[in-house]
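The letters A, B, C and D name the chains in turn, as written, and every chain counts its residues from 1.
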Amino acid sequence: MQPGYGAPRMILPDKTMAIEEAVARIGNGATVMVGGFGVPGTPFTLIRELVRQGQKDLTVIKNDANEKHLGIDHLLANGQVTRLITTHIGLNPRAIELMNAGRIEVEFCAQGILAERVRAGGAGLKGFLTDIGMDTDLARNKPAFELNGEQALLETALRADVALIHANRADVFGNLDFTATARNFNPLMAMAADLVIVEAETLLPLGGLRPDEVHTPGPFVDCVVQLQELTAEYDVVQR
Amino acid sequence: MSNAKARMIARAAREITPGMVVNLGIGLPTRVVDHLPAGYPVCLHTENGLSGIGPTLPPESADRNLIDAGGAYVSTIPGSAFFDSAVSFALVRSGRLDLTMLGAFEVSAAGDLANWKIPGRFSPGAGGGIELAQKARRVVVLTTHTDRDGKPKLLCECTLPLTARHCVDRIFTDLAVIDVTPEGFALRELADGASIDSVLDATGAPLALPEGRIPVF
Amino acid sequence: MQPGYGAPRMILPDKTMAIEEAVARIGNGATVMVGGFGVPGTPFTLIRELVRQGQKDLTVIKNDANEKHLGIDHLLANGQVTRLITTHIGLNPRAIELMNAGRIEVEFCAQGILAERVRAGGAGLKGFLTDIGMDTDLARNKPAFELNGEQALLETALRADVALIHANRADVFGNLDFTATARNFNPLMAMAADLVIVEAETLLPLGGLRPDEVHTPGPFVDCVVQLQELTAEYDVVQR
Amino acid sequence: MSNAKARMIARAAREITPGMVVNLGIGLPTRVVDHLPAGYPVCLHTENGLSGIGPTLPPESADRNLIDAGGAYVSTIPGSAFFDSAVSFALVRSGRLDLTMLGAFEVSAAGDLANWKIPGRFSPGAGGGIELAQKARRVVVLTTHTDRDGKPKLLCECTLPLTARHCVDRIFTDLAVIDVTPEGFALRELADGASIDSVLDATGAPLALPEGRIPVF
């Protein structure tokens, strides 16, 4: 049988929508992954809309807690977060206070292990074995295995109900690219949630991104929201 | 291609609903796309690293770096993306593949699939088939109803090594459309010219018949 | 303390070398990962040099065995391979014959699991847990675990002594990009070996690749070889 | 910065040999790069996703999307590459990071490092520090020899929660260069103006002294 040369050309579906509609799909009690490392790559506008809509009892998975009055700090200040899975919250005194007061539960991961747990979720794996953190407090309560005579810890995969992603460019199908160190956790989280919502600085028609320069392939993405403006939160931090 | 096979493929094409991400296995399944109208909103995935497969190309106009998993030279469409093999199967395993269409040596009444190995005769390796069968949200099989010797491919239990257990949702053959239900095989549609008796004869397991008129494809 | 604005600018080392010198670093008995899926991405020129130098008792890790008279088939024909870890060798009758005659040992993996095992090696992990292949022959001899009430198999990470990589473009530091479906296993293997040797269709000076378009970062790469010509093996296969 | 700290940093810079891939922890270590000559062949890595760090920039010329792991605005150089956090730590864990320079609360004679947590007082999370300490091929610590209360930071055993066990190879302080050997701490060099006795007094564990003249930095 010969291949069907010149078979019909398909078209890829359009996933653009209004930010209100996309964020309204998030329910109370949702687990929400949020991209970003410091300011770069944090989806500030999606976070603001989540604050406005006010969903409660959220578990947030994010590298850091931003700084006070920035990013997910608004979710913390608004009492929307009950649990935070993170690597370092030292730049946000509010997060530290809430943790110390027992008002949010915080689970710390080694940074690369958080990245791998999210990636494992996105890759449809159940977990992985590593010796990272073996001799630290972070090993507590983690099952240990012996593998080829060496000890290893089991780290479980992380998936979320929702991922909030900041992209540099997106096409309408949800192919994404990221810029500079704004990439960080974004492409990993964009694979690891049942509902992936992207805010894009630039929205392109199909074909606007070359297939070789795509960082996150469109099939992983559910909703694409074009940013109407880059608010002050995206700016260089003046210290 | 026989008329019956062509009708089977055309019928299978209707399984693809708008917006799906679909992986078509090597062989008959790849032909399904010929029956979709141009401009249909679907994203075809190939496990060697491309979403958004465009038309297949003859050697003289092929790109030496652009093939599908079956080795056919393909093309891109606006919105295609390339990725590595880990990302490609991440997509499959994490539930982003809505549908796969696969070939089969045997399918059991419980939806077990055997399509990669015949001990002592054929064992080239499973390639990406295990993950497609096990993890696509919907798995449909395209196959002749019987093998070359006329023996049923739809059986109570598979005799060959499995590709995946409890994975097949629906089977398209040259004789019928059959669903795998919690109670076993169930006839849904008949091929034009096929009788219920011919299907029962060619099926190696109990087959539930629908009430009323059976649609013909 | 203030950051040191205008600290001196570093330069990245040059890793280009002659193909004979790079391949001579491979020893007898080495485990060698080879990029490619079918023709695209197969480092035909590096393989040819390995055939010329004749290193023996190699364990080769590659998605497929190419076709007869192409790619790693030359290593098989030359009796240099004792073991092959792969996903599908159906297009190479010689590989099937050698396997059936017991002259090479073949370990089959599900394709995405081979990709993940290589990636796990490149990510410095020891292994991962998955339910893929649970009910198949491939599950034989693999330890099973129960995780949250579900069964999972342990898949061990794969690393190699050497990876042979085909890149589209490389800069002299070893930043790489790949083109179309020639990417496949290349970026994964380029992270998972102690000695990573790259053949590049185009060699660029530092700065020739934009930092956002790099597929494999230079720190993973040891040797960069510029291809002098694209031999017939790289061509479209006429069937 | 005190003269002694500046000398310590300048001395630590000599630890970086040509061709290395190096990650410099937040604080004192980031200043080490100021002491390398322009055009020195080294690749600086930051765990938030950049290899080939260029000069730090003041806010008015900064790129809002380009920071290092400490939040400083940095730049690229020809040959820089950006990558995601998984790739970044893959590089660290798989042995591609030749050297890291870290700060310390405590270092034990066995090379254990504590630098991320003071129970009840300071526990912001470990960030990337655990993987850097555990997996860089060579781990050196830059620290004052004693804490603000004058208490030794080099101890027989760490009292604070560990970052990683048996990881530290060498310690640069304002008083000395000290190696961690299988037999414990060994003095290698003295800071200009520091005496052997002052180092012994400030060290909370046995310290092997070299034979012959001790180099001064």
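By definition in this document, contacts are C-beta pairs under 8 Å (C-beta built on N, C-alpha and C of every residue); 3 or more make two chains touch, one makes a residue touch a chain.
Just so you know, these numbers come straight off a predicted model, no measurement behind them.
*Asks:* Leaving out chain A, what pieces does the complex fall into?
*Replies:* one piece
*Asks:* Please indicate which chain is farthest from chain D, where distance is taken between mean Cα coordinates of the chains.
*Replies:* Ranked by distance of C-alpha centres from chain D, the top chain is B.
*Asks:* Between chain A and chain C, what is the gap in Å from one C-alpha centre to the other?
*Replies:* Centre-to-centre distance between chain A and chain C: 30 Å.
*Asks:* If you average the CA atoms of chain B and of chain D, how many Å lie between those two points?
*Replies:* For chain B versus chain D, the centre distance works out to 57 Å.
*Asks:* Between chain A and chain D, tell me the centre distance in angstrom, where each centre is the average of that chain's C-alpha atoms.
*Replies:* Inter-chain centre distance comes to 30 Å.
*Asks:* Would you please write down the residue numbers of chain D that are in contact with two or more other chains?
*Replies:* Only 50, 82-83, 86, 89-90, 92-93, 135 qualify.
*Asks:* Pull out every residue in chain C that's touching 2 or more other chains.
*Replies:* 116, 123-125, 130-131, 178-180, 211-212
*Asks:* What are all the chain pairs that meet the touch criterion?
*Replies:* All touching pairs, sorted by chain label, are A-B, A-C, A-D, B-C, C-D.
*Asks:* Help me check something: in the complex, which residues belonging to chain B touch chain C?
*Replies:* Contacts found on chain B: 46-50, 59, 62-69, 71, 73, 82-86, 88-90, 92-93, 112, 117, 124-128, 130-131, 134-135, 161-165.
*Asks:* Which of the residues in chain C come into contact with chain B in the complex?
*Replies:* 37-41, 63, 86-91, 96, 106, 108, 110-116, 118-119, 130-138, 168, 178-188, 215, 234-239
*Asks:* In their complex, what parts of chain C are in touch with chain D?
*Replies:* 1, 3-13, 121-125, 159, 171-173, 175, 191-192, 194, 205-207, 209, 211-212, 214, 217-220
*Asks:* Report the residues of chain C in contact with chain A in the complex, numbered from low to high.
*Replies:* Interface residues on the chain C side: 116, 120, 123-131, 147-148, 150, 152, 154, 156, 177-180, 211-213.
*Asks:* Residue numbers of chain B touching chain A in their complex, please.
*Replies:* 1, 18-19, 21, 27-28, 30-31, 33-34, 36-45, 50-58, 72, 76-83, 86-87, 89-97, 135
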